[in-house]
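Both complexes below contain subunit A, partnered by subunit B and then by subunit C.
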Partner chain A sequence: MAEHHWGWLIAIYLFLGGMGAGSFMMAAVFELSGLRYEHDFCPTAMAGAGVSGPLILVGVLLLVFDLGAGLREPWRIPLMFTNFGSVMTWGIWILTLFLPICFLYGLLELMHNQPGIMVWVRKRLRLLARRWRFLPRLWRLLPRPLRVMPEVLPYRWIKRIVCGAGIVLAVGTAVYTGVLLSVVKAVPLWNTPILPALFLVSAISTGMGLSFDLAATLALPEIHRRYTAMPLVHMFFIGLEVVLLALFLIVSLSRGGEAAESARLILIGNRSVVFWVLVIGFGMVYPFMVHVYAFARHSHGFLSGILSGAGIVIAGLFVRYLIVAAAIPITM
Partner chain B sequence: MNHNEMHLHQVRRWPRWAVVPIGLGLAGFAVVLGLILEPAGYALSPVKVEPTATIPAVGYGRDISDGCHDCHFSLPALQASADDPVHAEAYLIEPESIHTTHGSLGCVACHGGDGEVADKETGHRGLIADISQAHPEQCIICHQDLPDQVPGDELLVPHQLVESKIVHGEPGNLFCSDCHGGVGHGFDPVSGEIYCSMMICVDCHTEQEDCSTCHQGGDLEAQMTGCDLCHDSPHDVGEQLTCPCCHTSVETWQEIDASSHPVELPGRHGQVHCFECHTWPNFKGLHYICTDCHRSGHTEWGDDECTQCHDPGATWDIVASTWDKHVELWDMYKGDHLQVKCQGCHFETYTGLDPSCDTCHSLPQSHDESYTKCWLCH
Partner chain C sequence: MGQGHEHQAVDAAEQSIITANSIATSRRTFLKAGLTGGLLVAVGGGWLSLSQALSKVQSEFVLIIDLNKCVGCRACEKACNQRNDLPEDKSFIRVLAKGEGQDRWFLPIQCQHCGKAPCEQVCPAKATYYHPSGVVLVNDKVCVGCKYCAVACPYDARIYDEHTGVVSKCWLCLDWVLGGGKPACVQSCLRGARIFGRRGDTEIARILASGRTQILHPEIGTEPGVLRYIFPGT
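Entry: the complex of A and B
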């Protein structure tokens, strides 16, 4: 009989889902706290808002591709929305609600940063209206409030509403990726409430790593000078992730059986090089040291910022991959 | 211009939206890097033991079971291919059953074989009649920590023992299918929509040669004499009474021997279900006042205790012969009057009735109007 191997596809889905949610949270915090408006251009908000939708969409497509049944019999997909006893149904609802919000926020942020978009849209519409005469008639059929097309939308007001709703769903998405695994009783390594907490913190960390340390730093190398408290935030989340990861492995070791065997695979087994070098070394210790240095000096170098961001993102990917790949099911 | 300023100058010429593709590109790059680095890390690792990174799973086989449906959904098709057409119906499957939870896994998921060929012999090669017997661990993948007491049914079942034996690979002769055999074909033991007859249990107990499969230690003979081997009484009278004292059927609990009731249940009262009068499960809160269940047809007359006038073993139409107060109210309540139904005199109400004979009787033509007191002669 065919066996289901959970490997890279699921790990990448969990990673992209978490990082997308984390990027949204990062941008939403900048938006809601007003940090986004302290300067003319906030690349962190632009990056976080812009990447969250595509990242989660790619992750969801990978999940559908991995499951297979959705491709073979797509008419069964609606049934997945109705089984409320299943964690997957919760996740589907969260993602279904969250994805449009991500894209809407990305579009609003883009239009806010590039006001010319609205002018361009208006010009294109006029051209289209001249070419196809029925379009103005259709336009007049719309209710009057919808026919108003202001040159400048109240972006800040709209984005506050979108971010307020989206940040709740972003937390739900990040936690759900952990809950999805933690309810699998057949794999003792996953069957722990620490996993959702670890995935949430990792999602926030990778979201910061991608939207602030990588994308924003590449676009604006001076960005670390703007937000001097950012290294402290980084240190907090990296430290919290280390604590949760340690707790996760210690609890697994103490439980014995397959959980301990899985943890040993990560710590001293065939996954140990990846764990110690890429996750702990490059993904946690190095970024932590960079941010300690940056906090003391109120800044750090362009390259070290980029590398610490890369380390955090790589660690987020491998934390999920190791947890998925080292899973040993209960002995039957 | 230092290095940072030079870099800043270059970057600011990018459009603002460029951070989005940069971020997406970096995310993609991280994934590619991970895919490259992981095998490298694995190659450098000191231990080369491949973990069993596999979730135990029942193979999904619905879309490769169409060949099974072609025959097993159609009696003529089964009869045409059967060695003994007389028994072909036993292998007929309701098409609706493939939409149940287990049925949706597909025939070959549990029964093996090849569901994509038309040839019967090839299709049945490697057939597994009972997966819970051949590969019981396949059931345990989903069904773990099953309760030893079925909620709501007070039924004791050795789920944990069976599960433990399967998990530890110990031999046993009790299988999931012994009780849940039709689970893939429409039988749903959990919802309770289709009941499993106790005779299935009794037959199985009779057939089992090795009682220790389920019963480890203890005085088995003593246990077998009582229903409490499998059933946990929900009633507080369970310690004083055994189940057969009241329950008469092994098919349904509701069949009760009314004569076991400590108080006589006259008339139709012996036919009502116990918990229409008592409170489940412990017979407390007894409803013994007539109006708890019955609604009086004459609220202007009498109180809640109907038995003062009515016989609880008879119908409501006749006043109980033991009710002597009716004579005190109307001294003509005797003779043929006793056979008249209440409404025969009480046309509208039970109060203010005129006791004169002509209320009911008309004066015969042989009598003139001066005869008003019938009872003087009759």
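Entry: the complex of A and C
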């Protein structure tokens, strides 16, 4: 039965992949739109750049940890790149491309914003070069265009290209996690195209919750006065998530059979408390109300900003957990 | 009439130029459009390519289970476990009890060797493959143990072995079968409820032609190739 084969590890991976992709999308939107450069310090871009890579890396490690023979004999893992008819293979390709881009973006953001760190690195490198004579010789072997100093790199252009490529892969990551489940005919609850859409919107929402509500409120509480339209955007995505979640459950109920049984398990089953309290209450209704209030007052409370961010993130995790756990396979 | 159409076409072209300009001027709109477009392409493309399964594989062998004769003794299950060195609690065959009292009947389920096998389709490492005879096999040297196949199998016919870390399932005792023998479950069936042979064998062809045999849950659409059932009362 499906719920025995895939459990918590997969649910957490789906969540981390989605949130990593979502926070990258946030940072990339700030970067590409130029919002990021309206002020000296942009915590949203910083959070997205710093957090998306590690989040997705942890998710991928969980995936690898969930493998059987592949974990014990890692040289089998490259075989997983071979079946282009499998959604898992698509996902592995997307992640293989996206993960370095996340870390590259994080590094670029660090180099661009913390020149002090680069000075420090240069000092260490000079010491190393004095000790090992072959290092400067290797450096001189590089083609000329690559031998530029980090201070003179055209960061904005490089970041624009990285963000442009990354945002496509981020959408790919978020959508594929939904397609991975939705192609499984054996689990009627999953077998609907609403699921990829729900996972994408949830990814954007958790990304905003993490890098705007949580990180930005912690780092710079007055950020909410800066971007007064942000609560509106956030309300839109929370609303869309509620609509998609409702649609997902109503469609499942109306399809009858195992799909309806799974939906009832989420709505009134033994995990329904998690659904109504954590997902709907704390993760959607509460943040929505906080953002309505923030939009009206053009400011955010420190505590409400953090709590709504935490709520959205927790909802993202438990939505995926419930969907994985409530999978009832076709009964024979 | 013709002019009217032309006029409309020019209007539409102008309209599209205006739209294109407004997209180009507003970077944010462009981003949003990109995001939505990406979503639509990804979901639509994924959905289309996967709902149309690969071409059906025709199997050479047929295993008919006559449920009128099956008494649920689970001898097939035990013989299978012995043949494949499986522990008591894990088996390639599950015997489900159906109905109540007088109407009680049993339904043994194992790999149906689907013509459009979802396990074969989802396996990222191509560890699940078709033998030329149409039998679905797992290469345990290649399987990484991601369990996607076990999740995707509607007949729940796959077993994950924690010790080896690979997924396995009924392989129709292919070594015996190709040597002219019969699978362990067929040999062990005390009531002769399991009838096994090649598609062209007279006995098999006769039963298949009688129209009594059915596929288990044909509505799933995986088109089982080897397993056929004769349901009680038919």
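One rule holds for everything that comes next: the second predicted complex is superposed on the first by the 325 of 332 C-alpha atoms of A that agree within 3 Å, B and C clash if a C-alpha of one lies under 4 Å from a C-alpha of the other, contacts with A are read in each partner's own complex, and residues count from 1 in each chain.
The definition used in the following text is that a residue touches a chain if its C-beta (ideal position, glycine included) is under 8 Å from a C-beta of that chain, and two chains touch if they have at least 3 such contacts.
Computed from a prediction, not measured in an experiment: that's the story for all the values here.
Trainee: What does the overlay on subunit A give for subunit B and subunit C, a clash or a fit?
Mentor: Verdict on subunit A: clash between subunit B and subunit C.
Trainee: Between subunit B (first) and subunit C (second), which, if any, makes contact with A:66: first, second, both or neither?
Mentor: A:66 contacts subunit C only, not subunit B.
Trainee: So, does A:171 touch the first partner subunit B, the second partner subunit C, both, or neither?
Mentor: second
Trainee: For A:88, select first, second, both or neither according to whether it touches subunit B, subunit C, the two together, or no partner.
Mentor: After superposing on A, A:88 lies in contact with subunit C but is clear of subunit B.
Trainee: For A:57, select first, second, both or neither according to whether it touches subunit B, subunit C, the two together, or no partner.
Mentor: After superposition on chain A, A:57 lies in contact with neither partner.
Trainee: Applying the document's definition of touch, where does A:158 land relative to subunit B and subunit C: first, second, both, or neither?
Mentor: neither
Trainee: Just subunit B (first), just subunit C (second), both, or neither: which does A:32 touch?
Mentor: Touch status of A:32: second partner only.
Trainee: Applying the document's definition of touch, where does A:184 land relative to subunit B and subunit C: first, second, both, or neither?
Mentor: both
Trainee: Looking at the overlay, what does A:193 touch: subunit B (first), subunit C (second), both, or neither?
Mentor: second
Trainee: When the two structures are laid over each other on chain A, which of subunit B and subunit C touches more residues of subunit A?
Mentor: B
Trainee: Give one of first, second, both or neither to describe whether A:80 is in contact with subunit B, with subunit C, with both, or with none.
Mentor: In the superposition, A:80 touches subunit C alone.
Trainee: Can you tell me which of the listed subunit B stretches (1-9, 73-81, 127-135 or 307-315) runs into subunit C once everything is aligned on A?
Mentor: The stretch that clashes with subunit C is 127-135.
Trainee: Touching subunit B in one complex and subunit C in the other: list those residues of subunit A.
Mentor: 1-2, 5-6, 69, 72, 184-187, 329-330, 332
Trainee: In their complex, what parts of subunit A are in touch with subunit B?
Mentor: Subunit A residues touching subunit B: 1-8, 12, 15-16, 19, 23, 41, 43, 46-47, 50-51, 54-55, 69, 72-73, 106, 110, 113-114, 184-187, 210-211, 214-216, 218-222, 262, 265, 268-274, 277-278, 302, 310, 313-314, 317-318, 321, 324-332.
Trainee: Along subunit B, where are the residues that touch subunit A in the complex?
Mentor: Interface residues on the subunit B side: 3-4, 7-8, 11-12, 14-20, 22-24, 26-27, 30-31, 33-35, 37-38, 41-42, 44-60, 63, 109, 137, 140-141, 144-145, 166-167, 169.
Trainee: Mind listing the subunit C positions that touch subunit A in their complex?
Mentor: Contact set of subunit C toward subunit A: 27-28, 31, 34-35, 38-39, 42-43, 46-47, 49-50, 54, 96, 107, 109, 118, 121-127, 140, 142-148, 150-156, 160-162, 164-167, 216-217, 220-222.
Trainee: Subunit C touches which residues of subunit A in the complex?
Mentor: Spelled out, the residues of subunit A in touch with subunit C are 1-2, 5-6, 25, 29, 32-34, 66-72, 76-77, 79-83, 85-90, 92, 167-168, 171-172, 175-176, 179, 182-187, 193, 196-197, 200, 329-330, 332.
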